[in-house]
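Please find the structures below.
The same subunit A turns up in both complexes below, where it pairs with subunit B and then with subunit C.
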Partner chain A sequence: MAIDPHSEPAIEEGGAAPFPPPPKGESGRERGPWYLAYRRFRRNRPAVAFLILFFLIVVFVLAAPLWADHVAHTGPNQSHTLERLHVGSEVREVVTPEGKPIGPQWFEAGGKFFLGADSRLGRDEMVRLMYGGQTSLLVGIGSALITTFAAIVLGLLAGYYRGWVDTVIARTLDVLWSLPVFLIALALGISLALGGLKLGPIELEGGSLWIPILIISVFTVPYIARPIRGEVLTLTEKEFVEAAVAQGAGPLRVMFSEILPNLASTVIVFFTLTIANNMLFEAGLSFLGAGVQPPNSSWGTMITVGEELLNTQPLLAIIPGTMILLTVLSLNIVGDGLRDALDPRAKVRLEAHAGMVEPKGSAV
Partner chain B sequence: MARFIVRRLVGMVAVLFAVSVIVFMVFNVLPNTNPAQLLAGKNANPVLVKSIEEEWGFDEPLPVQYVEMMKKVFTGELTSYKPRIPVDEQIAQGIPATFSLTIGAAVIWLFFGLLLGYLSAIRAGSWLDKLLTGVAVAGISIPVFLIAPVLLYFLTYKNQIFPNGQYVSLSEDPWEWVQHLILPWVTLAILSIGFYSRVLRSNMLDVMNEDYVRTARAKGLSERRVMTRHVLRNSLIPIVTLFGLDFGATIAGTAIITEVLYSLNGVGAYAAEAALKFEMPPIIGVTLYGAFFVVFVNAVVDIAYAYLDPRVRLGEQATG
Partner chain C sequence: MRKLALAVVVIGLAAVASVALVACGGGSSSESTSSGGSTSAEGGGKEGGILNATYASFPDYMDPALSYTAEGWTAMADTYIPLLTYKHAEGVEGSEVIPGLAKELPKISNGGKTYTLFLRPGLKYSNGEPVKASDFTFAVERMLQLNSGGSPFYFTIVGAEKFFETKKGGIPGIKTNDKTGEIQITLEGPRGTFTNELGLMFVAPLPPSTPIEDESANPPPATGPYVITKSEPGRGWEYKRNPYWAKANEKAMPEYPTGHVDGAKITVIRNPQTQVDDIEQGKYDWMQNPPPASRYAEVKEKFEGTQFKILPTISTYYFWMNTTKPPFNDVKVRQAVNYAVDSRALERVYAGQIKGTQQILPPGMPGYEKLNLYPHNLAKAKEMIEEANPSDMNITVWTDTESPNKEAGEYYEGVLRELGFSTTLKVINADNYFTIIGNLSTANLDTGWSDWFQDYPHPNDFFQPLLSGESILQTNNGNFAQINNPALNKKIAELGAEQLGPEQKAAYAELDKEYMEEAPWAPYGTRTLSTFVSSAINLESVIFNPTFGHYLTSFEFK
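What follows is the complex of A and B.
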């Protein structure tokens, strides 16, 4: 697969011919659209770099148990308030009598309290950061999966059946769209965290991670379902759908094997951007106490804890915030890169500007 | 046009009704908790719980409770549980801080967002464009709860340049008002600066492709005039819609976190505090008044839009 990107004329530079003939592989066979997208993506260096960064972050949070067991020798919720650290000949208190937690020790204490302790509870900040990252990513990815799935189903149904089905779905999405979403999610998060959820067969404990995941999923559906519905509306007018119907394909078959594959690029891009968006949502809810519940950590709850000690230990609030920034930034850049790679029409549209030099733009 | 306005206003009322039902359900149907029990505390005796239930009407059937609640909303009799303070008074108290924060931030984000978007569109493909695009992506990715601690630590604690949050009213001392609000404004604006500059850039790149832009060039207008009079002006229309949607959403979203971070006693901070104490009436009040505001602004924007662009009021796009 190792193809030198310079050995073939770059597609983007063919300003005069917006649709150059698809490049041929070694066997002379035409390359598929996915391969072309892959090549376009690979040439986008910032996107590749940030994709690598995202994987590094995932590896970092997945390594939490290893770090906890073999380096820090403590758990994420374990308190060390009254303990002392022996650093060389020096003895340091994990939490001073005034309640000030110890600062970053790096490797001085053999990896214990690498980033210091989190509060007067004296928990290991580094261990909490890694486990909290697992929670934040899990909520972000989990809710993005549910959101995307629900949005695809709703968008397909509304766009395919039209009529009253479309009216009901589109109006419901409109209502959700115009709600003060964050405020309601906040209220819902708190009321469910207190008493748990009991809705038909679903029964959840107050501290369950499913609660923030479900809340975030529900409120972000319209942002994806509306564009998908629009795209389905256009796709159902296309000849290939007519052809499938003429061949006797049923509605499910048309929706899932004819229309859905054509939505793939939209869905992939939205999915990536939704993870980023939902992670910010989770951090916001958790920051205000309505998301992930203590003692579990997430990057949002860690900022709340750290904020109180901003004057003396600023890193406690800044480090989890920076982790959120890096994750969200990498997802946003990868999402933009995917959009440029998967939707060459948008690319051509942007490139076609009279005499412009290859704007590497992203259509927002 | 009149028909469009009527349809839009009817839609608005329907949405508000749906919002009130949803908010009511969120508190009364979904949670597996008894509000009277929560108010009475963990170890309260059943007699106390019973009396609280009767006092606040928690024992009534749900539709009755809903009607009672809505009556209170319209008559302004909604009061918080403990202490009993009228909700509309509290909201009125918070409005100056919230509006100072969001309007000030909106001025900043519109100015810089449009400036950066314009610069990056007219120089599309240059190093400046690449730099600004990078800045914009970074801007939309920075969470407010990273900006605020960084700004507070470096500019308030370490070097006492700006005061630490709190709200000083404009009529009391305009200079103090500005000083206290600069950090919150910047915090709230950064995200939208990135977003607006991206939207404007891509709108402008689309518009540059239109025939009338070619015509404008062909009749010998200067490039600057083409860009400002023809391209920029037409690219601003979608921005107006976006701003209408966004401004309301910011008040009910990011502004809440910003108010809490900087201890500005605005409506958002009031709602967040109420939510933490499981105080239902303030949340219902803030959500409904907030939703009214959002929906109303959306309707006004839609109507303005339909007035400017006849295709909207005739075609399918007229949603809501």
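What follows is the complex of A and C.
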């Protein structure tokens, strides 16, 4: 960002000025910490590039109905086992009598079977990829939202009240953390997929997407709640909390008006990384049959189908796998970039090594 | 800049690592784990060795009184010998009934109502206990007390049905004499298939100390050449030579094969890709289930004649529809489904391993006459559903996890959705599938996949257990459509009492048509199975019996 050479105190080579005044923009207004973070993020080229990639992926999966209706003319679960494609003078079978599905057609058949057929059931792989992406992203983002919300609540309660509330919450989280999370989620996923879930007023059918979302949310909570609890414990020691209490603020007000805003940057970073983690979790569960149930597709279930045909049509496993890779990679790099942009201490260290000049203490 | 470089390096490493892993995984060592045995026998094969084999699922029960699946019968065929048995041969020859633990085929008298047999003397179980005539009565009672799925076959024995219902009072229709070894069975009326049914494992004699409960984890002592020494449901089991076979039973039953291998170790490997890879690499010697559709063409091309053999079967693959509640209680809806299901598509789903049919009896079964009642017509099917306007459009479709039955279930669900139904697909573990859909208290049993392989070459075997109203059981049910048509039930019972001649075959063909007009099922094909062994096994010696599958006694190392 621009540093007004006339207003800044003189800075020697290799050193940094102690506690300079906040920088001024062109209009002379003071810039808040969010704007500074945004500027820092923007400077991080890889993070911006991957953020754009992530949005492109989201647009890609949201365009599923458009592609299905106008280009492929089929739904994601429709079988075309006996269909034949007429490409020029050639007649190609979508599934051969020996059971081999057709390979990628690109635009030769007018966009139908762009990436080929997905299995002996002759479904359009491209359409399934897009709808599957919707499911994967929905499960990933949905469960990340629930996890983050639960983690904030638990972290705030544990960190603010301390005492027995903290003990109960922290120890429960410890127990959850110590369990082999994936194995239990697998077992739960398989058993609930059959019978559905009936807990008092909540009734979920076996094939409902809520089941993998809830399972993944529950088991990811400890990973987010503990760091948040740690931060809250630190924050409650600070003077501004003491001041708020002295002014007569009740616990809820202190938690939501004083502490929560200071958690914002941590929460944002964790949220992004949790989406990535949960998408991988869902892919793993679905691959093993414990997550999304057929005939719905998610990228994980598509890898299951592709694995069977690895010897004859390897693309069927590689394509969904690559989508998962790109999405998770983008989210991780964006998450890292966000952390660098929002966390001042880390940034200062980086700045010092790079020899760049940046006013300290300008962010939170 | 550094972040981007790091990302690129990570992706590059991951790509290299995955390529390396794939390359390594393909060529692991192909040492055969089967231990060598004694010097070669006259037949050209080697005697001895331990057979290492895999099944894709654990049998429904490892208990002769209860098991009613191909996996279970293959697993126990050479362990539990009933009074009569089937010839250890393939095809039509393998459907011939011959004496087992009994000296000769039964003497039938009293207008077909009395069967008299004599137990061979000197027979022993694998724990040393002598086999007595009264053990047969015990085995029949135990089977009925356990509510076995095979029970309906034996209801014609005087007192058997009452015993099944009350579990008290014994079976007056069976009289035995342990001193002479005589077994006399009296039936309520003549039954043309009873000789065949005496050859099924449901009524194989067992020691009277055998607990009256499912003994899958601790199988009862054996009378055959091999005894099951260890059984871990869901994981695997082991066989060793029955010590009392060589000492006692072999001499009493000289025509029964003794077996070449010294024992076998069976592992359940649920991933059929892995099973095929393991056979190709020689890690395992035999896989009981056929190669999955995705590898079928490859295995056939590479190994036919040397390690792979295609076997025709007498079987029907079908989708059952629950006729007791909407929407399938309306015959028009069921007929519409038959118009909608296209067996040609399913032939491809099975990669050519099924041949399309659309009736109860399969080709090769006496009484089969080809029907074409419902030529494929999706538009007509949709019309019929609209006209019928069923009250319940929410249905649950059941299938099991074993490919390609799983894909067949998915295909079927797709067809039902096109017809306008709102469907939920339930894919059940193959180990438990038939137990679950055979339990009438399971919720939402609307429609689903099933198959049936002949127990013996008589059409009654398809009609009575699967389509007679009198065969509907609360648990271990086989009549999944729960069809109960009194006129048709009567016909089944009448024809079942007669011996099979040209008149009866024509009557069965007519019965086939009448049932297909009722359309409790949407049948779609008959299956070819296969034998796939590693290079260490002599392919020619392996015998596949139409009822019992691959005999353990027929495997030998080269």
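In the analysis below, the second predicted complex is superposed on the first by the 328 of 364 C-alpha atoms of A that agree within 3 Å, B and C clash if a C-alpha of one lies under 4 Å from a C-alpha of the other, contacts with A are read in each partner's own complex, and residues count from 1 in each chain.
In this text, contacts are C-beta pairs under 8 Å (C-beta built on N, C-alpha and C of every residue); 3 or more make two chains touch, one makes a residue touch a chain.
Just so we're clear, the structure is a prediction, and the values are computed from it rather than from any experiment.
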Partner chain(s) touched by A:A317 [first = subunit B, second = subunit C, both, neither]: first
Subunit B versus subunit C as contact partner of A:T96, first or second or both or neither: second
Touching partner for A:P294 - first (subunit B), second (subunit C), both, neither: second
First, second, both or neither for A:N262, with subunit B first and subunit C second: neither
Most subunit A residues touched (candidates subunit B, subunit C): B
Partner chain in contact with A:V181 - subunit B first, subunit C second, else both or neither: first
Touched partner set for A:Q78, first subunit B, second subunit C, both or neither: second
Touching partner for A:D336 - first (subunit B), second (subunit C), both, neither: both
Overlap of subunit C and subunit B interfaces on subunit A (superposed complexes): 46, 194, 289, 307, 310-311, 329, 333, 336
Residue ranges of subunit A in contact with subunit B within the complex: 46, 170, 174-175, 178-184, 186-188, 190-192, 194-199, 276, 280, 283-284, 287-290, 300, 303, 306-307, 310-311, 314, 317-318, 321-322, 324-325, 328-329, 332-333, 336, 349-350, 352-354, 356-364
Touching residues on subunit A, where the partner in the complex is subunit C: 44-47, 49, 77-79, 81-82, 95-100, 119-122, 194, 205-207, 289, 293-295, 307-312, 329, 333, 336-337
Of all residues in subunit C, those that touch subunit A in their complex: 1, 3-4, 7, 11, 273, 292-298, 342, 344-345, 347-352, 401, 403-404, 406-407, 410-411, 413-415, 417-418, 424-428
Residue ranges of subunit B in contact with subunit A within the complex: 15, 18-19, 22-23, 26-27, 30-33, 38, 124-126, 129-130, 133-134, 137-138, 140-143, 145-146, 149-150, 152-153, 157, 195, 198-199, 201-202, 205-206, 208-209, 214, 248-249, 252-254, 256-257, 260-261, 271-272, 275-276, 278, 283, 286-287, 290-291, 294-295, 298, 319-320
